[in-house]
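Following: one structure in structure tokens, then a few remarks.
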Amino acid sequence: MIRVQEEDFDIGAELATFCAGDTSIGGVASFTGLVRDMAPIDGSARTIKTMTLEHYPGMTEKKLAEIEAEANKRWPLAASLIIHRYGTLAPGDQIVFVACASAHRQAAFDACQFLMDWLKTDAPFWKLEDTDTGGAWVEARDSDDKAAARWGKPETAS
Amino acid sequence: MIRVQEEDFDIGAELATFCAGDTSIGGVASFTGLVRDMAPIDGSARTIKTMTLEHYPGMTEKKLAEIEAEANKRWPLAASLIIHRYGTLAPGDQIVFVACASAHRQAAFDACQFLMDWLKTDAPFWKLEDTDTGGAWVEARDSDDKAAARWGKPETAS
Amino acid sequence: MKILYFAWMRQRIGASNEDMDLPDSVNTVDGLVDWLIARGDGYAQAFAKREVIRAAVNQEYVQFDHAVTNGDEIAFFPPVTGG
Amino acid sequence: MKILYFAWMRQRIGASNEDMDLPDSVNTVDGLVDWLIARGDGYAQAFAKREVIRAAVNQEYVQFDHAVTNGDEIAFFPPVTGG
């Protein structure tokens, strides 16, 4: 299941319901992404006041659904969940939540990392950080491309 | 933080409090282990009625604390948590919960997997499955030794 | 043809989306970019580093040699940074 | 000396723990196992596959050549299966 929303979400409630009642599940791996208070810009750290997430409505949902489908093709998952927020957030706020349930823990862990790695490079979101020295768009990181590549990610189109 | 307890735990509450207020955190990875309804015994699957977790009070807490300390030595964690239950559980019940918070997602994911892999081979717990064809102690699995070995785990003493 | 711009491309162009008639001379994403750049400084600045820009046609990532037609939804944006 | 047994070792021996005086002849975990096996069938069955048994002295994993003294807490158990 995927959800793209402006409002916050309750991890406990999400985890309790997304795979409820399926006793074939041996493990649930999850990841929550949070807004950090510091942004490394031009080599020095700046304090973040707010972070605004812009996205491409329509394509976002399509891409997240594709990424989730790919994870379910690669691993035997009993359930999976991706929630991604947009709009203006503050340090400590939740940005993204992914969870994968499987009979075996390694499948749950791997699928969970895969979802995060691929959505980082494929889901059309952009972060604008408003810091104490002004606003700046977060730049894509090589480490994210490398993280996605370990799952056999094809080169990004450009 | 580590906890060994008979009673159930509330993941949402645990996640909300174990790293609350630290806005240097960019990601929280977590894993929940659940009692499965089927046990593969002698090549065929049997239905689990209950699972009883026995442990070594004192040594359990000591080992879990050591494993957590090792994770904090290897990765820059803002917070970590291990909760492990003992006693008699039913399919779907929560057995174990680990969570790691870090500035960066890869550290959180790696530390979380490390905690699970090492506690599987080092923490003195034993599972007795009561199935439709009688009770049986769960046997240690080679795959767990291999999972622990990828983090440079020394040979188990014997 | 609907064109969408995101993040700093949107800011430089000063619009999040535009409805345009595709000129007959334009058949590919590359051709469209050349045509947009000729429209003004904002476009020229937005597409200055063409090699970093990503394009989507009808919400699918494409290479810049991909065909475009007048009924398409075409989006241009910097590398994504969600998650 | 306190000896603890867990899981199927506990079941075969029929006790979860025992307080004993360490015989003068016993100096190592291995020596203790030999001495226990001689005490009866339950012990012999519990220690039949000695190579799979794990031992802890004062709550630390040890090899079977590890020394034991009368003040130690010594535990024997099968490979662990928690998590």
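In order of appearance the chains are A, B, C and D, and numbering begins at 1 in each one.
Just so we're on the same page, a contact is a pair of C-beta atoms (placed from the backbone, for glycine too) under 8 Å apart; a residue touches a chain by one contact, two chains touch by 3 or more.
On a predicted model such as this, the values are computed, not experimentally measured, just so you know.
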Subject >> Chain located farthest away, centre of chain A as origin (C-alpha) >> reply: D
**OP:** Take the average of all CA coordinates in chain A, do the same for chain C, and state the distance between these two points in whole angstrom.
**Re:** 26
Original post:
chain A to chain D: how many Å between their CA centres?
Top reply: 49
**OP:** For chain C, write out the residues touching at least two other chains, lowest number first.
**Re:** 83
Original post:
chain A: which residues touch two or more other chains?
Top reply: 33, 116
Original post:
Between which chains does touch occur?
Top reply: A-B, A-C, B-D
Original post:
What residues of chain B sit close enough to touch chain A in their complex?
Top reply: 10-13, 15-16, 21, 23-38, 91-92, 103, 105-106, 108-109, 112-113, 116, 143, 147
Subject >> Partner chain A, residues of chain C touching it in the complex >> reply: 4, 6-8, 10, 51-56, 59, 61-64, 75, 77-83
Subject >> chain A to chain C touching residues, read off their complex >> reply: 33, 53-56, 58-59, 62-63, 84, 95-96, 116, 119-128, 137-140, 144, 156-158
